[in-house]
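Shared between the two complexes below is chain A, which pairs with chain B and chain C, respectively.
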Partner chain A sequence: MLQIINKISFFKAILHKQGRVIPIVEILLLILLVITPLFVGDYLTVIITRMLILGLLAISFELCWGYSGIMTFGQGLFFGMGGYAVALFANKADFLQLWGVVPIGLIVGACASFLVAWLLLLGKRPPELIFLALGTLTFAYAAERLVAGWYWVGGGNGMSIFEYLRIGSFEVEPGRLFYYIVATILLLVYLACRLLVRSQFGLVLAGTRQNEKRLAFLGYKVQKFKALVFCFAGAIAGLGGSLYAHHEGFIGPGNVGIGISTMAVLYALFGGAGSLIGPIIGVIAIESISFTLSDIDAVRGYWPIILGVILLLVVTFKQDGLLGFVVTQRERIGSFGIIKSTESKSLENLHSLKNEKKDVSS
Partner chain B sequence: MKKKMSLLEVNQVSKYFGVLKALDSVNISVQENTFHGLIGPNGSGKSTLLKAIAGDHYPDEGNIKFNGNDITKDSPEVRAQNGLNLKFQITAIFPELSVYDNILLSLQSPESFWKLVLSKSRTSYHDRIMDTLVRFKLVDRASSLAGELSHGLQQWLEIAMAVIRKPKLLLLDEPTGGMSPEERRTTGELLLPIKKECTLIIVEHDLEWIKDICDNLTVLDQGKVLDDGTVKHIEASQRVKEVYTSRV
Partner chain C sequence: MSLQTLESKMEEFVKVAFDIISFSCIMVLVVSGLAIIASLMGIFNFAHGEFVLLGAYTVYVFRELGMPEWSGMVAAPFLVGAFGLLLEMSIIKRFYKAAIAAMLATYAIGLIIRETIRGLIGGKFWAIEAPIEGVFLIGDSSFSIWRGIIIILTITIMLGCYLFLTKTNYGLKIRGAMENPSLARACGISTNKLYAFTFAFGAALAGLAGALVVPLYSLFAELGLRFLVQGFLAVMLGGAGTFEGPVLGSAMIGAMVPGFQWLRTEIPFISYLLSPVFAEVFVFITAIIIVKFRPQGLIQKGRI
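Let's look at the complex of A and B:
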């Protein structure tokens, strides 16, 4: 037993040293993503599809908070607006095509988040963290109240979508096909976000998170960078909302306001902020625990209390979330230049050798 | 002899913090490719003046001209884009980024959003970054986290971050603060070659150190310019001796 523990510790140490834990977690999750529907029934496939859609919401929050230092309680607003937009198109114009639903969600999310960014981020002075948190919270709350009192969008009852999503004339029912569509979209969004946060642009975001003022003195228009990320994240949340509305066949005030926005925060904190995979793990973990607890007869009446205690314990005592058990802070931040953190310390020799070669050739 | 052009002109600049007048009608003129020192006792307004030049706060009266343009109301990022760079008094690096990434972050700032997203320039910057790391004795710590460096190395990193951008004017607020005598001497050696590349304004307490590397000095006292001129002139100044040396 001791030998096994030693071996695990040895491999963990190597992986940490190499800074390669996140790719392994990503590959494992990708394999699970592909094979899961082949081993579970339709009911569970529908539940997992919902988790993947919420994964989009969690990623959108993570881009804002974990990568750019924008504390937002407004991602639910963009998620809900994407959902309401496609529900309106479905009910008022009978438009249910996937090729239209995806861009509608993206555009509505981006436009709504641009408006919020313009009001909160692009002022003369950089806004305080608390101003952003309360500002986005207010927008989410106001939107929830607005749709709840607006009869045209269903008021407090929300809006139902009575027909299935379509690809041409083919109807996509919630189930395996819907799952793979959502999984593909999530994968593409994840890869786009990964490209963004590992790029030189991502380096600017990492700088923003650590010392925003210093960045301005280097010549960066920090607020514009933040606004850009906020809009990109808003588009992703809108996309999530559009898929959610079609998957659930419903969108209501509860999917716009503070509740869903807070869940986005919890997904990221529970899974591990500062990485893209952490929030997805957070969604899967929280939703799985909720699903499992609510199905146990003994705790059926008070499972939300148990869930709340679990969330509190993790957020309080494991501030780097579940991912923090296997991934170091150094790996989360990573390296952006062409020198990786694991390279040896003989750089000086290498560089002087290179310079000598240059001299000889010239 | 051809007179050097004035790169920076501070004209009648005053700054108030409540009832306190931190700067009182300050005038200084800094010529191209010279090292200009700002000295004075604690609270004399040296850092306030430097921050007003860098755009950390705006003067209440007067104006600042840089390269012939009025920059009094420009934001720090605009000033930085125009070639003005500040090294803060308290080391302001990015502690959770590697030393290499700190330099890259400083160097890539003029790039457009798209170029940064597509990461087009990081390969082309490599040699320049490595040269700077060698020059500032940081190359064997290139992949270390900046926050893990000693205080002296962090100061050098911040100077390196400023120098690599090839600024027209570099503002250094106490670059040798908290350094050992040996590190102070090395810092002087690292700074001297910069004279060919840019103009420097240094705020320092250590009069002996600043005398060795600066061409001109401005002495501030209680927010006012006490005296201004060459190092020899300041050394001979009776007013400076009376007010400055008795308090430092």
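Let's look at the complex of A and C:
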């Protein structure tokens, strides 16, 4: 008997040791983040900078979906609005300072997401998941149509920013310096998010994801917590958009609507939803594939279709994404709460509740 | 007010009313398939808009093959329905127990269909003529015949669906499965078969809708997305889980589009605020705000 218990605790110890994979992945990526531009050329540095900016978008989606269970197809909206805001400042007011661009993106993203959260989340009754998903999709679609038809912001052609980002009077060209600025921002955002989801606040979020009703009965204003996270994520997406506009020197209707929102979903699910590092891996993986394939003419046209197939395959067969290959379910449970079983359970609860309601009413 | 201006006002009113009715009918046609699938299976089909697009595309393919448009319109519901059945049996079937995964999967399917068709039609807008052109006259005002046909067809199909669900044995089974799936299974009703059939039926309705409305709009890749968004708002406005709710909601959404257009011509101040682009966005925002203040929908507990 004692032997068995000993054996079990031994295995547990091994599992526990093996379970700490996420910090290793994080440190590896951090090292890569610091040294990569020293080894690759300027052209590749620019491409990787773009990936890092899209990483901000992926993190913002992950905060909504992986940590607070808000399925949002609208992160592209906040991303694009941040971009449009700084492009307007650059073109109409000739304002290009980095110390201004960052807060503009944050504030615009936060305000826009607060408006959306007020309309969709803070209602008289908690909204259903489908309602959130389609509501955000509606906003993204409406925004895309709006900017595409509005000539003051460039219409279908979008807006170009002709000058470089500035610090004081010094111009920051896309390249190594821009890379390190973006990398620092991404690192800060990542650490802030990590702090958030590991704090007591994050504990409430984890509880919400497990059993929203119970948390509500315990007295937590669940919807307000969700709205807070949504605003925070919106601010991050706005920041990403503002950097993106300056880095690419362009922002258009394609960066506002459904397309980029879909990409956000894809990054997070492909990389592995339910952990903060997963979406970053997803961005790097998908953008690398995209970059490789863009050289091959025969495949380039089919890239959006391939993305759809990837999304379908991930949803059908590998719901924990790329990170799921190295990170055990146990580690996720230990640090972030159960993902898979929560989903189906809460749904079952919902269904049974629905049926109960129906029974009562009849 | 002289008699003449009154008469012209009347005429204008009839025209607007006709516009509202025809738009509403289109929306009803599009939404009914979505609503049937959602209320029976608890799955919100994100690919529904793309089924509409597939229906429209079928007409285009038939025309390219040299056949008349109407043959494409007849074939569209069957082809899209068969496609839906195939999809249900291969993919959707796995997701009955997980509505969230189902949502993502249908979204992915929609993405694949949309991008494939975008590639096939080359990212352009294609105009497709209605099989029956021309106008008919009531008094002095003229109305498009094709829109009239859509109105009549919609009413016929909705009546048919209603009778099918309320009067036939199969409809009874569907309603039973809707009310309590496990009890239905215990009674020996194969819910899986029912689900497959319903999904195919919903897809067929979407295909028919797409085929019928494509002469009014043109064929482009985002056609389905637009209908998906409007259809969602219609279901939300009307109240999910009922048959009448979504129909009423889609009638309202359908009414808002020409309604705002009409307001533009009537009140000059608004015409500046409501350029066509803003008008469409305004419809979405109005609908979302109504849903915010009446989240249970207009019809709460209607049953067939």
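Here, the second predicted complex is superposed on the first by the 294 of 362 C-alpha atoms of A that agree within 3 Å, B and C clash if a C-alpha of one lies under 4 Å from a C-alpha of the other, contacts with A are read in each partner's own complex, and residues count from 1 in each chain.
One rule holds for everything that comes next: contacts are C-beta pairs under 8 Å (C-beta built on N, C-alpha and C of every residue); 3 or more make two chains touch, one makes a residue touch a chain.
Bear in mind the structure is a predicted one, so any value in this text is a computation, not a measurement.
Asker: Quick check on the superposed pair: does A:142 touch chain B, chain C, both, or neither? Answer first, second, both or neither.
Answerer: Only chain C; A:142 stays clear of chain B.
Asker: If we overlay the two complexes on their shared chain A, which of chain B and chain C does A:133 touch? Say first, second, both or neither.
Answerer: second
Asker: Using the touch definition from the top, say if A:125 reaches chain B (first), chain C (second), both or neither.
Answerer: In the superposition, A:125 touches chain C alone.
Asker: After the superposition on A, what does A:164 contact: first (chain B), second (chain C), both or neither?
Answerer: Neither chain B nor chain C is touched by A:164.
Asker: Under the contact definition given at the top, report the residues of chain A touching chain B in one complex and chain C in the other.
Answerer: On chain A, the residues that contact chain B in one structure and chain C in the other are 343, 347-348, 351.
Asker: Any idea which chain A residues touch chain C in the complex?
Answerer: 71, 73, 119-120, 123-125, 127, 129-131, 133-135, 137-139, 141-142, 145-146, 148-150, 258, 262, 265, 269, 301-302, 304-305, 307-309, 311-312, 315-316, 319, 343-344, 347-348, 351, 355, 358, 361
Asker: Under the touch definition given earlier, write down the residues of chain A that touch chain B in their complex.
Answerer: Touch residues, chain A against chain B: 195-196, 199-201, 203-204, 206-207, 210-211, 213-222, 225, 228, 329-330, 333, 335-343, 345, 347-348, 351-352.
Asker: Show which residues of chain B lie in contact with chain A when the two form their complex.
Answerer: The contact residues of chain B facing chain A are 54-56, 75-77, 80-81, 85-86, 88, 92-98, 100-101, 104-106, 108-111, 113, 115-119, 121-123, 125-126, 129-131, 133-134, 139-143, 145, 161, 165.
Asker: Which of the residues in chain C end up touching chain A in this complex?
Answerer: 42, 44, 91, 94, 97-101, 103-105, 107-109, 111-112, 115-116, 118-119, 179-180, 225-226, 228-229, 232-233, 236, 275-278, 280-281, 284-285, 288-289, 292, 295-296, 301
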